[in-house]
Amino acid sequence: MAGKWMGSLSEAMRGLSLAAQTCRTVPVRTAPLISRRSMATESPISKPLSNITRSVTEEWQPITSVPVTIHSFPSLEPRALESYSAKHLYLPLRRDILHLAVVFEGDNTRQGTAQAKTRWEVAGSHRKVRPQKGSGNARVGSKQSPIRRGGGKSHGPRNRDFGTKLNRKVYDLAWRTALSYRYRRGELIVTEDGLDLPLPEDFLQQAQDGLLTRELEDAFIQKYVGEMLGAMQWGKADGRTTFITGEERTNLFTSLDVAGEEGTALELEDVDVKDLLETGRIVIERSALKEMIKQHRSDLVTSIAMPNKVMKEKTLASPLYPFPHEVSEA
Amino acid sequence: MMKRLRIERATGQLLAARPGAASTPSIALRAAQVPVRHSSSSAVEAEPTPIYEEDGTDHSRFPPLEKLPPLTSTLPSPLPERALQSAKLAALHARLSLSPKIPLQTLARTLVDPSADPSPQFNNSSLAFLGSTIINYHASESFMVHYPRLPMDVLYAAMTGLAGPAPLNRIAKAWGTEVAAAPGGEVDPGLLQFSLEKTGESVLGFGYTRTVVEKINKNNWQRSVASKVIYDDDFGQVITPPPQPEEEQPAAEEEKDSEFSNTSSPKFSPTSYGSSQTRELSEKAHANFVRAVVGAIYTHSGREAAKAFVKAHILSRHLDLERLFAFKHPTLELALLCAREEFDPPVARLLSETGRLSRTPVFVVGIYSGNDKLGEGSGATLEHARLKAAMHALKAWYLYSPGQGLRVPSDVLDDGVKSGKAWEPVYVDIGELISR
Amino acid sequence: MAVKALQAVSQGRNGVGAFILQCKRIDLHYCDWAGSSKGMNGFIKSLFPKFAAAHPQIEFTVSPRPAKHPVAIGHYINGRSKPICVRNMEPYEILKKLELLRDASGEKLKKVTKPVRSVNESVRGIWSPYHGNGMPL
Amino acid sequence: MRHLPRLRGAVSASLCCSSPSHIRTTAAVAAVATTSSSTTAQSLQRRTLSTSVTDVGAVEVQTPPQGLKPPSQKWQVAVRPDQITDPAYVPAQDGLELEEDGGLDGWWENPANYGVGKEWVGFGPAEKVTDPAILEVATYRALVEALLLSQNWSDPVAREAVLSSGWGPMVLTTTAAKTKFHNRPKSTLLCVDREEMVAALQKHALPATERETQLESEEQVETAFAAEQEVEVNGEAETAVTTEQQAGVTEEAEAALAAEKTAEVKEEDDLTEGVIPAEQAQALVKELGHEWKQANLRNPVLKFFAAKRIQKLTGHKIPDGKLVAITTAGSLVKELVKPPKAKKLAEEIENKEIFQSLPNVKVFPRRVTPIDKEKMVGRWKVIREELERRGLPVIGTANIDNAIEKKWVTGAK
Amino acid sequence: MEATLSRPAARCCCLLKTTTTSTSRLLPSSQQQSRPKSTRARHKAALNVPPHPSFLSNPSPSSANGATTLIFNPPSSAPSVFQTPFKFLPKSDPRRRAALGQKLFASSVTTNFATAPVDVNALPTIFDDRSPATTPKNHSLTKEDVEEMRRLRLADPVKNSVLNLARQFGCSVMFVMMCVQAGKEHRDKVHVEPHAAARERWGPKKREAKEDRKRRMEMLMRGEI
C-alpha cells in the first residue's frame, strides 16, 4: 500500500513536471485554410499515466469485468450500472472470425432455388429435326439440343443448398466479438427493458380514430422519427441505428418500417452477426443483451453435466448501481 | 574589360532588398497604392454581377483557395508576405540549395521583372544589375586568366556565350522556372512575372551611349576594338539609350488605369505569342531572374557564396572556344604573327597524302616555322589543307592556356587583404595582332 | 581583318557544377469517399510527411479530386509530366511509385546502349590513319 | 401505452392512396365555384376512411392537436355550371387551368400543422458544450459531486436528485472548485474535504427532495409540465417501474421518479440561466491547477456518477468502452476536450498540422478547378476581361445555344 | 608513302585472330561459313602483328636501377587545338622547362611525333609565290627601283604582271602592289571583263559548282569543315 502511495505520489510529481513545460513550437505556415477548434487547455495535460511500461511497484491487474450503463430510452439518462465479464463484451477484435461468421450466414441465407431446364426436361418430341444428309445444312439431332434456340441449358443452375458449416464455438465467439467491437467503439447502447418509441399521444388518438390518411400518418412518422433521431445524432446523417428488442414493439417497428432510412428495428431472433456490424450503432434493451450473450457463450460454459458437482448458473450481469444492498433491503 | 563592382550605383535599392527593409516600405507603398487602384476598379464592381465575387467566380460553390486582401488582383505584383505561403518558391529555394540566410521574400522579388512591376522597390532591376556585374566579373576574369591570348572579339563572343542573355535564359529554364501568363497581385509568387505589353527599363551593364548610335545601327558601321572596350557593354554590344517616354512610365500607367475605368479599352491586349519579339522579351526576363538571384546571394550571404554559385551554375557550363573563331586571311595573319614574334616565317609542308589522282584525295599539310611545326590540317585540296593548318596554328596560339584552375584575382580579394599580397598574373599577353 | 568571332551558347552539364533534380513538382490527388483512395489517404497521413521533408526541392501539392481514382503526377523540368494511377495501392507501394517519379528524368523511356554520353572530346582524339607513328608491315 | 393501429385493409389503403387526387379535383371544382359554403358536406374520403362515422361537428370540436393537425375535413360540392350566376365565371378548358385547393402539397411547410419531436431534449442540455474551460470545470465539479455521492451518501432519493440536477446557481460550481482533493494513502482515489460542498448541495440540490413530497401528493404537477415532457415522464415512469419491479423495490422508485421530475423542474430554469460563462470557467480552471488530473479513477460506480453528472452538465455522453480505458481525471478531461473526428482528409491534416513545418507542401481544402489554375498563373483576369468585352458569360453558359458561333458568322439576331 | 597500321588496331586484330581460330577449332561444322584457306592464310599473315616497339624496347639505362621509364605513345589522331605547339609556349611556361619537354620536343615537332627526329627540310613544301617564305628577298630596293617598277607596270601591265615584277625585283607581291596600282581600265580588261564573259558562259552545273566552292571556302574559314 505504501508502495502504491509512493507510486501515485511520484506520478503526481511527474505530472506536475510535465505540466510545467507546455510550450509549443510556433508553426512556420500561418493562416490555416480551415478554421479549427481552439484547444486551450489541451496542451497542459500530461500524457495519460497508464503507459505501456508499468512501474515495478504496481502489480498487473487485467480487466476482468467491464461496466455497462443502462439508459432510459428517449432521454438517454443513465439509470443503472451493471458489470459484464470481459469475455462477453471486451474481447479483442478478430476480423477473421467476423468474416467467417458473416460468410457463414450469407451462405446459409441463400435460398438457392434457381433451376434451368436441361435438354431432357425441355418439353417436346425428340424427333430428328432434319435428315442427316441431303440438305445443305448442318446435321441436327433433337430440337432440345443446347446449341439451338429454345433448347435446354447445358450447365444451368439447379436447386441446391449453398449452406456451409461453422463450428458453434467459433460462431458464438464471433457474436461476442461483434458485441465487443461495438462496445469498445462506444456504439453499443443498452436501454432499460420495454424499449419502444413514444409517439405523441394525440397523434395516436387521431390515428386510432382514423382521422388521418395513411400518407398523413407516414409523413408525420417520418418527420417525427427523423427529427428525433437527428436530434440524438442517431439518424441518417450519423449512419443509421439498429434497435434490438426482445419481442416486437408496434410503435418502434412500424415507425422504423416507415422511416427506414433512419434506422432498423429487429427482434432478437432475427438478429445476425452481420446486423450487429452494419449500422452506425446498436441500441439493445437489457434483457435482450443478456439473452443474446446467454445464447452465444458455448465456448465459455460447458454443457457436460458433472454428477458430483452441482452446476450453478452464475449470473451474467452483476448489478453495481443502484447498490444491491439498497435494492435488497427494501 | 574587367570592371570593378560599382555597388554604390545600386545601394539605394539594395538596402530595400533585405527583407526587413523590403517589407516595411512595401506595406507603406501598397497602402498608398490601394486606394488609387480601388477608385479605378470600383467602376468595374459597380456592374450588377450579383452572385459573382470581384474575381468573377461563384464563392458559394468554390470558396477562394487563398485568403487574399481585397483588390489584390489590382496590384502589379504579389505581396511580399505571400512568399511564405508559396510552395513553388520554397521548392526553388531548396533546388538552388540557397542558404537559409536568403529569405523567401527576396527570392520572390527576384522573380518580378521590371516590365511587370515598374516600381524599383518591388521589381528585380537592382538585384539583376548587381548580379550581372558579379557574373560578368567572374566570367571575364576566368577567361583572361585561363586564355590570356584570346582576341577581344572572341573574348566578347565567349562572354556572350557564357554569361549573355541566351545562356542565362537556358540556365533559368534548367532551374525549372515557371512563367506567369499575366503578372498580377493574385499570381503565385513562385512564378516568373513579366509582361509582354510593357517593357520596363532595367539598368544592366556599364558603358556609355555613343552619339552615333542610330547611324551605327542603321548602316552597321565597323566599330574598332578599342572603342568597343571603352564605350560598349560587357558583351561588346552598343548601348542604346532608353526611349524618352519610358522615364515617366509609372505615371503614364496610372493614367492608363484611370482612363480604363471609364472607357472600355481592353487592359490586356491579347499578345501574339511565339513571335521573335516576345521570345526576346522572355529571354531577357529569364536572364534578369538569374542575375537577380546572384545579386540576392551577394546581398545576403556575401561575395564568396555568390562566387561559388556563379562557378557552380554558370562557369561550369561547356563552351567550345574553338568554334568561336572565324578567319579571313589565316596564312597572312600567321605570317604576321611569326614576324611579330620573330619566329622563322611559316612554311607549309606536305606531311602525307593519299589519292591525289582519285576523286577524294586527302592532303595533310603541316606548317613549320624553322624546325617547329606550328599546326597541321588535312583537306581535300592542298589549298584547303594549308589554310586549315594555318588556322590550326593561329587557334593554337590564341587558345594558349597557362593551365587550368589558376588563381583568379577574386581569389586574392579576401586573403589578399589579410595577407597583404596582391594577385600576380601567370602570363600577360602583349595583345592580339592589330593590322589594318 | 584579323579574327572574327562567331556566336555560340554554352551547354549545361547537370551535375558538373551543380545538380538540379529533374522532378520539380509532384501532385497528389485523392478522394475522401472512394475506397480506392484508402491507401492514398493513409499514405498522405503516414509516410508522405517524411518523404516530403526528405525532398525539399520538390514542390508537392495535395488536393482532393472527388469521385476519381487517386493519382500521383510528376512534373519535370523538361516540361513533360508522368501520371501514375495508384488506386487500391498500399501506402508502401505508393511510396515506391513516388520514388520512381522522383528518380525519373521526364524524358520518354528510351534504351540506353552507350555507357557514357558526354560533350567532352575524347582524350586521344578521333583516330585518323594519317597520324600517329604507325609500324611498317 | 397506446400503440399505432395498422388495422386498415388493402381496399381502404388503396383508396387512401388514391385520395389526394380526389381531394384535389373536388377542391378545384369548389374553387371554380363561387364561395357559397355548405358546411355539412360529407367528404367521400371520410366515409372511406373512418371506421366509426362521426359528423363534421365532432371533427371541429376536437382540440387542435399538439402532434398533428389533420387537413381541414370540410368539403363543398361545386355548383353546377348551368346554375352559376357569377358573370366572371369562365369554364376551364382542361385540367391544367383548374386551380388547386387543399391537398397535402405544401402541407408540411406550415409548422403550425404539426408539432414534431424536434424539441427533443435528452438528459442534459440541448446542444453540447464545446468550450474547453467549461468542460474542465464541469469535469471537476462532476468528480467532486461523484466523490461525495459515492462515499456513503446515505439517501438514494437525494442521490438521484443530486445526480440529475443541472448547473444550478454559480455558488455550487465555485464551492466545488474550492473543495480540494487531498491525498489519502489507503484510497485508490484521492478524497475531498467535503463539508461546505455538502452544505452547498443540501442548500441547492436537496430542497427538491422535500419539495417532491407535496408535489407527488397532488397530481396537477402533470399540468405544470409541457405535454411532450409529460410523454417522456410517463415513459420513464413506466420503464422505471419495470426496472424497480425486477429489483423488487417500489417506493424507492416513486421517490426516484418524483426526484427526477423535480430535477427536471430545476433543470428547466437552470437551462434558462444556462451554463456558466466561459471567462469565469477560465478563471476557475486557473485556480484549479493541474495536479487534480493525476487522480486515479478506478471505481466503476464513481466513474458512472461522474459520467452521468458530465452528461447532465455538458451533454457529452461518455460510452462505457471509453470509461473502461479512462483511469485518471486527466484522461477524462482529454476525452471530453478532444475535437470531433474530422470527416475530410484536408481537415484532419489541418487539425493535426502535419505539413505545418514543410513549406514545400501545399494542401488544398477542395478540388482545384481549372479557374483556380488560371488564377494561380494570372490568366483568369485576362480571360474574364476578354469574355466581358465580348459580352459572354464569365462562368457557365448563359443558356446560349450551340449555334451562337453561327449567329456570329451570319450576323443573325 | 608506306601504308601504316597503328597500334590499337593491331591489338584488336590480334584478339580477332585468336578468337576466330579458337571458334573454328571448337565448332567446325557450325552455321557460320568457314573461310577458304587462302583468305584465312592471308588474314593470319596480315594479323600476325608484333606489339609496339615502345613496349618491346628494353628499359633505358636510366631505369636500370628500378626507376620507372616513361613510354610515350602519342595518339594516332589529328592534333588538338588546345595542345599548344612548343614554339608558342612562352618563356615562363613550365612545360617548356620540363625535362620531359626537352626529351619529347627534341625533334621540335609538337604533334605527329616520330620515333626518330624527322628532317623537316626533307618534307616537300607547297609551292606558293605569294608566301614570303619561298623567295629570298632583298629589302634594299632603292627609290629608282621603285620608280622603274612603276614605269614598267604602267607601261605594259600585261607583260609586267605583279608576279613577274616581284620575281624580277626580288620583292614580295604585296610590296609591288603597294608600290604601284595598274589603271582601272587594265583591271577591268584583264580581270573583270573576261570573268564576266566567262560567267555568262557558265552552265547551271558549273555555276552551282562555283557557288559550292565559294560556300565551302566560307565554311572552311569558319572552321566548319
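When the chains are written out, they are named A, B, C, D and E in that same order, and each has its own residue count from 1.
In this section, contacts are C-beta pairs under 8 Å (C-beta built on N, C-alpha and C of every residue); 3 or more make two chains touch, one makes a residue touch a chain.
Just so we're clear, the structure is a prediction, and the values are computed from it rather than from any experiment.
By label order, what chains touch chain C and chain E together?
B
Let me spell it out: compute each chain's centre from its C-alpha atoms, then which one is farthest from chain C's centre?
D
Report the chain whose mean Cα position is at the greatest distance from that of chain A.
E
Report the chain closest to the protein's overall CA mean, measuring from each chain's own CA mean.
Going by the distance between chain centres and the overall C-alpha centre, it is C.
Approximately how many whole Å separate the CA-defined centres of chain A and chain B?
72
Averaging only over C-alpha atoms, locate the centres of chain B and chain E and give their separation in whole Å.
Chain B and chain E have C-alpha centres separated by 42 Å.
Let me have the rounded angstrom distance from the C-alpha centre of chain A over to the C-alpha centre of chain E, please.
Chain centres of chain A and chain E, defined by C-alpha means, are spaced 98 Å apart.
Per the centroid of Cα atoms for each chain, what is the distance between chain B and chain D, given in Å?
69
What are the residue numbers in chain D that touch two or more other chains?
Only 346, 355, 357, 359-366, 368 qualify.
At which residue positions does chain E touch at least two other chains?
Chain E, residues with two or more chain partners: 78-79, 111-112, 222.
Quick check: what residues of chain A touch more than one other chain, meaning two or more?
Those would be 28-29, 33.
Inside the complex, what are the residues of chain E that reach chain B?
Of all residues in chain E, those touching chain B are 1, 78-79, 81-90, 92-93, 108-112, 120, 123-126, 128, 131-134, 216, 220-223.
Residues of chain C touching chain E in their complex?
6, 121, 123-137
Quick one: which bits of chain B touch chain E in the complex? Just the residue numbers, please.
That would be residues 322-323, 325-328, 330-331, 335, 343, 345-354, 365-366, 368-376, 378-379, 382, 384, 386-388, 391-393, 395-397, 399-402, 426-427 of chain B.
Going by the contact rule at the top, pick out the chain B residues touching chain C in the complex.
87-88, 90-91, 94-97, 151, 153-154, 156-157, 160-162, 164, 166-167, 170-171, 173-176, 190, 311-320, 323-329, 333, 351-352, 354, 362, 364, 378, 394, 398, 432-436
Contact residues on chain A for chain D in the complex?
For this pair, the touching residues of chain A are 1-2, 4-5, 8-9, 11-12, 15-16, 19, 25, 27-29, 32-34, 36-42, 44-46, 48-50, 63, 66-70, 72-81, 83, 90, 183-189, 192-194, 196, 198-217, 219-221, 223-224, 227-228, 231-232, 250-251, 254-255, 319-323, 326-327, 330.
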